[in-house]
Amino acid sequence: MTWIFENWERFWEVTEVHLRLSVVPVLIGFALSIPLGWFASRSATARAVLFPLANVLFTIPSIALIVITPVLVGVKILDEINVIVPLTIYTVALMVRSVADALSAVPGHVTAAANAMGFRPLRRFFVVDFPLALPVTIAGLRVATVSNISMVSVGALVGLGGYGQLFTEGYQTDNSAKVFAGLIGTVVLAALADGLLLLVGRALTPWARAGR
Amino acid sequence: MGGWLFDPAHWSGTTGIPVRLLEHLGYTLTTLLIAAVIAIPLGAFVGHTGKGGFLVVGLSNVLRALPTTAVLILVVLWAGLGDFPVYVALVLLAIPPIMAGTYAGIRAVDPVAVDAARGVGMREWGVLANVEIPNALPLIYGGFRGAALQVVATATIAAYTGAGGLGRFVFDGLALQEFGQMLAGAVLVALLAVLVDLGFAGLQRLTVSPGLRPVGTGGKR
Amino acid sequence: MIEFRAVTKRFEDGTIAVDELDLTVEAGTITVFVGPSGCGKTTSLRMVNRMIDPTSGTILVDGKDVLTVDPPTLRRGIGYVIQQAGLFPHRTVLDNVATVPLLSGWDKRKARTRAAELLERVGLDPAFGKRYPAQLSGGQQQRVGVARALAADPPVLLMDEPFSAVDPVVREDLQNELLRLQAELDKTIVFVTHDIDEALKLGERVAVFQTGGHLAQYAKPTELLAAPANDFVASFVGRDRGYRTLTFLHADVPVHPVTTAKLGERITVSDWTLVVDDENRPKGWLSGVDGEIEVAEKDLISGGSLYDGSTLRGALDAALSSPSALGVVIDDVGAVTGVVRADDVIKALAKARAAGEVPK
Amino acid sequence: GDPLTGGNNNPAPTDTIVVGSANFPESTVLAEIYAQALAAKGVKVSKKLNIGNRELYFKGVQDGSIDLIPEYSGVLLKHVNKEAPEVGSEEVYAALKKALPQGLTVLDKSAAEDKDAVVVTKQIAAQYSLKSIDDLVPYCKELVFGGPPEFQNRPDGLPGLKAKYNCEFKEFKSLDVGGPLTVAGLKDNTVQAADLFTTDSAIKANEFVVLEDPKNVFAAQNVLPLINEKKASQQVRDTLNAISKKIDTKTLLDLNQKLASPDKPEPEKVAKEWLASAGI
Amino acid sequence: MIEFRAVTKRFEDGTIAVDELDLTVEAGTITVFVGPSGCGKTTSLRMVNRMIDPTSGTILVDGKDVLTVDPPTLRRGIGYVIQQAGLFPHRTVLDNVATVPLLSGWDKRKARTRAAELLERVGLDPAFGKRYPAQLSGGQQQRVGVARALAADPPVLLMDEPFSAVDPVVREDLQNELLRLQAELDKTIVFVTHDIDEALKLGERVAVFQTGGHLAQYAKPTELLAAPANDFVASFVGRDRGYRTLTFLHADVPVHPVTTAKLGERITVSDWTLVVDDENRPKGWLSGVDGEIEVAEKDLISGGSLYDGSTLRGALDAALSSPSALGVVIDDVGAVTGVVRADDVIKALAKARAAGEVPK
């Protein structure tokens, strides 16, 4: 803990990097997983393709993915994209299932009622299906965000890791205080992000607490 | 990658692919066993009593937030080299999904069935063992298989501290900038993950009551 | 008016849910589809607003083949009430009701005003508007469902077991309100139920479906009771057919005078005497005793339903349930006007039959 | 093939110098020294420290992700030219200047040397009476060697040991770049010989024995700045050359010892103190 | 015998679910708890096997205070059938039924044999034993639930709305089976329902609960119908009280001879003639015509329920539903034995009343 105060500037600097490296993939991944999840919730074939694919993507070790990315994307070796792309892939892999499950869990009688009232598909998605899928989706998003925040550190292996840098450095100099500082930073960041999403989720789903 | 992977030289010896595969599998299974022994009773207890649900969710979120590398490094710095730090890091990784799956599984058991279990005169242990856990099995397996995937993927970091497993190929490939080796390592990990998952899927099929299969595969209605 | 012309629905798995259905639902009436589970009621209903498209045959709504209309447009003109109400859990009650007007392009304020109005019309306090569906009881949810279907003032209303989720008491309320609403609104309503009592109560005409998607009989309730087309209908319409028939008869029954007395009076009772209060409302019976007595609460024999002059069924039940075998007849304010006798009811029935009021 | 060569070679020219470092403390503190000295002279500096091994960061220098990084002449030469035969300090430096790809250059070398070296524990040294790598040769087949993964392939790694001494170890264990793992490996005898840096304070602290290298597998390793020519303005050159003048092997030892001291000072602070003490 | 003595249950949130309940359930009878939703029926029931413990008061089962018995032990001696059956989804039907015997330490084979036997007893093919609950229809699940509760042959059976999940036809089957079973087994059964018809049909005694956990009336069905204790009970018991009372009367009604004819015969019909088939089973009525005719299918007037000699209700309904006003009486094999008239039924009722068979 004292390390954090004594090196506040450095700490803040890695915090910023860490935040950027975790938030950007979550946002992009989330945006991508909505159409994919929708697709999977509607078509058994899409499910049969997307879910195993997501599983396999998820099992590719993160460092391998981080190192391979520049090759595939063709950017500089130290570009942040090299962390952002793999983490986005993990986010999508995690979220596709959540979104698909959430959409499939919308009660059939509600969607039937919407159809019967004359909703067209796109409008129905935004007005009925997606809002109703929010609680489950946000639960998934919380897991994805927390996982991302914890995974960013792996980027330190290629010199891009936010708190991960503290781990490497602390390790090299046998300095557990520094490793611990990074650990605390990660957990606090994750807890804050999680709490924030929880609150946002609550604000967006007032009906969920309206039960008797 | 193909070249590296299919080079017979890489398939033998103490650092060959088969040895690394077995090491990796060893890490994975041991980790899962330890994690299950810790997480299932905890999740089941909290799920059964309905008390401390907040704790389970909070705890698993904190654990999920722990960067595995940091845990690994800290334990190495604290306890030295060897398999121990690897297991600590991996077990901490595996606990949240298993615990959350167990908890959710138990909570999701039809309350009417649980009520009936008490109603026929089962004691609390009996309710848990004879009704709640068997009915929660699909979700427990769900959490467990999720954990298995993650552990297989992450057991790679064992190599970070000089230990074995398929991560060796990934780290050595990275250090040497031998992408063939690294990719081969990654592919082997993914392959192993798929195999492990298939294995558990088979186990699930064998141990989960057919009565719990999604309606349509089992019978009419 | 809704016409089914040789409509058949065969699902992909080969199930024939509706088999060559020919049926015309008159405009401005309530038509009830009734039948056992799986007989194709829901399927028939949902083909009207194209939630399901028929395999063959034609469905006309006000003379227009529904297959020629784009489904969302068609549906906005047809109210649909689903079992379990099917409310949007994430929207307030008011917004639920305002859904269709908003979809049809009304402005928000107008849609909400309309919604509030409808809530009142279906018997809900407008204060409920701000709640979410989960905060309502089952019966209240059903009302919201009906309000929502009525919101765009569609001429046609499809109702699929709308009251099945509520308990019998609330259910009766909802039925009565539907009848009251219909008297005001004059919609063309198709109502699905598997409860024959509900069907007989609500339907001007009742279509009895038989398993396999066959229409077994399509007739007025009295006809169903009096002349079931086949054994299936007879058994489905159930026992007490004769007694139920009386529900639909309003023939006159002679009202006989009755000896009444008040509490505290000293009287000599030779036969059954009806004790009434100061407003002449019935309090109970005194049976014949020897000599003069003072009329006391404790000697009263209570019991017996009252007959308010509505149907023969009420008259017969009043007579049957009365300890004196005399059914007490009351007026609007509950004052005794006389008594009816069971055998008079039976004679009235015979007369109605002779006059052809009861079919065949 | 090696996919990283496909990287983008056109860095957007800016006037900021990005200083990088390898992922071990000495490199980091040297990078800090460069960065702070430049900053003091009013040069715009940003830091990307602890990047990784040479295989990784060198690409970064090439693709313009970083502009400046402390390097070691011998290994850098071997990195750009595997076959380079030079071993002497001056020859290496001269060869290096020629061998570097276009756009990159090295500035003046310092007197400070930090080589890779084969290190054993006191016990092993005594047991086999080891003084130099030559003494080790008969026992290579019985011993496990530890070092960074890349040691297996580097010309100045296992291939060099084999070529020059005909020493092939029983097994190679991938550990870290002269870091705590390697030290721990030696201490608990997981490995009997290992690759450490000569300036590592752990050598003294653990009484490890550095084996002599008579056949010069490990070439001269003068610390020097590797820099993107475009960024090497006269001011920058002067500043860095001035630093190189002040750094010698003793300096490295001191710096490392400071970093390893129990209060674990930040490299940034250690660098600052050194700069102050050196009067730059 | 189950005794409630001043039993009150107040939940933690302050809800008083049961309020000073005093009630004795006689051994060997079916007692029904009936009342609107939320009136405390389930709570009362569950206090018997200690699924809920009372706040105050005592419950005795066969003279023993339940609070002195360890709950699991107590429950193994009391069968409990839950609404929606509450079967264990992961066990086969047979294993579901065998649960309690196994719990009580029977060996596996014996428990299964017993379970198979019980499946048959509740009217299920033993082949169902291998299925899982999800593979059964609602009605079949209910039967399994009953079988499971009977498995250990407990003297006491608690049934909480056991038939509420099935449609009316299946429901009637299940009710009849329960009555048949009870005739064989002679258990002490407490049965909860919110359906008054079910209560009147099954209960030897019926406890009507009022919202707030009050016992409004505890009486025999006929008493409830004839003399509801208050307005709440009267309205809950519902209309048709008089008619329903007839269900409980088996008094003799005179059977009159009737003119019968067969298809194809040439006859002169002056009055209503009943046409029968070769086995003397009724086919329809012919109404009076002029001159001789040949009896033809097309002239038959169908309709009318048949009276099998069971209750006065059946007799009256047969008469009321018959186009001829004559209720056809049949014997065991369905052959016509004569006709009954509505006014005879009414006379029979009066006689029964006079004889005190109908309370008050």
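Should a chain be cited, it is by its letter among A, B, C, D and E, assigned in written order, with residues numbered from 1 in that chain.
Throughout what follows, a contact is a pair of C-beta atoms (placed from the backbone, for glycine too) under 8 Å apart; a residue touches a chain by one contact, two chains touch by 3 or more.
Keep in mind it's a predicted model, so treat the numbers as computed, not measured.
Chains that touch both subunit A and subunit E are the following: B, C.
Each chain gets a centre from the mean of its Cα atoms; the one farthest from the centre of subunit A is E. Looking at B-D and B-E, the interface holding more C-beta pairs in contact is that of B-E. Rounded to whole angstrom, the centroid-to-centroid distance between subunit B and subunit C, based on C-alpha atoms, equals 59 Å. Taking each chain's centre as the mean of its C-alpha atoms, subunit A lies 54 Å from subunit C. A separation of 20 Å divides the Cα centre of subunit A from that of subunit B. Chain geometry summary: the mean Cα position of subunit A and that of subunit D are 38 Å apart. Of all residues in subunit D, those that touch two or more other chains are 3-4, 56, 176, 180. Under the contact definition stated at the top, the residues of subunit B that touch 2 or more other chains are 76-77, 171, 174, 179. A complete list of chain pairs in contact reads A-B, A-C, A-D, B-D, B-E, C-E.
Of all the residues in subunit A, the ones that touch subunit B in their complex are 55-56, 58-65, 67-68, 71, 142-143, 146-147, 149-154, 156-157, 163-164, 167, 170-171, 174, 176, 179-180, 182-183, 186-187, 189-191, 194.
Chain contact summary for the complex, subunit E toward subunit C: residues 36-37, 167-169, 194-196, 225-228, 236, 239-243, 245-246, 301-305, 313-314, 316-323, 325, 342-343, 346, 349-350, 353, 360. Within the complex formed with subunit B, the residues of subunit E that make contact are 49, 51, 71-77, 80, 82-92, 99-100, 103-104, 131-137, 148. Looking at the complex, you find that subunit B touches subunit E at residues 110, 112-113, 115-123, 126, 130-131, 134-135, 137, 208-212, 215, 218-221.
On the subunit A side of its complex with subunit C, the touching residues are 107, 109-110, 112-120, 123, 128, 131-132, 205-207, 210-212.
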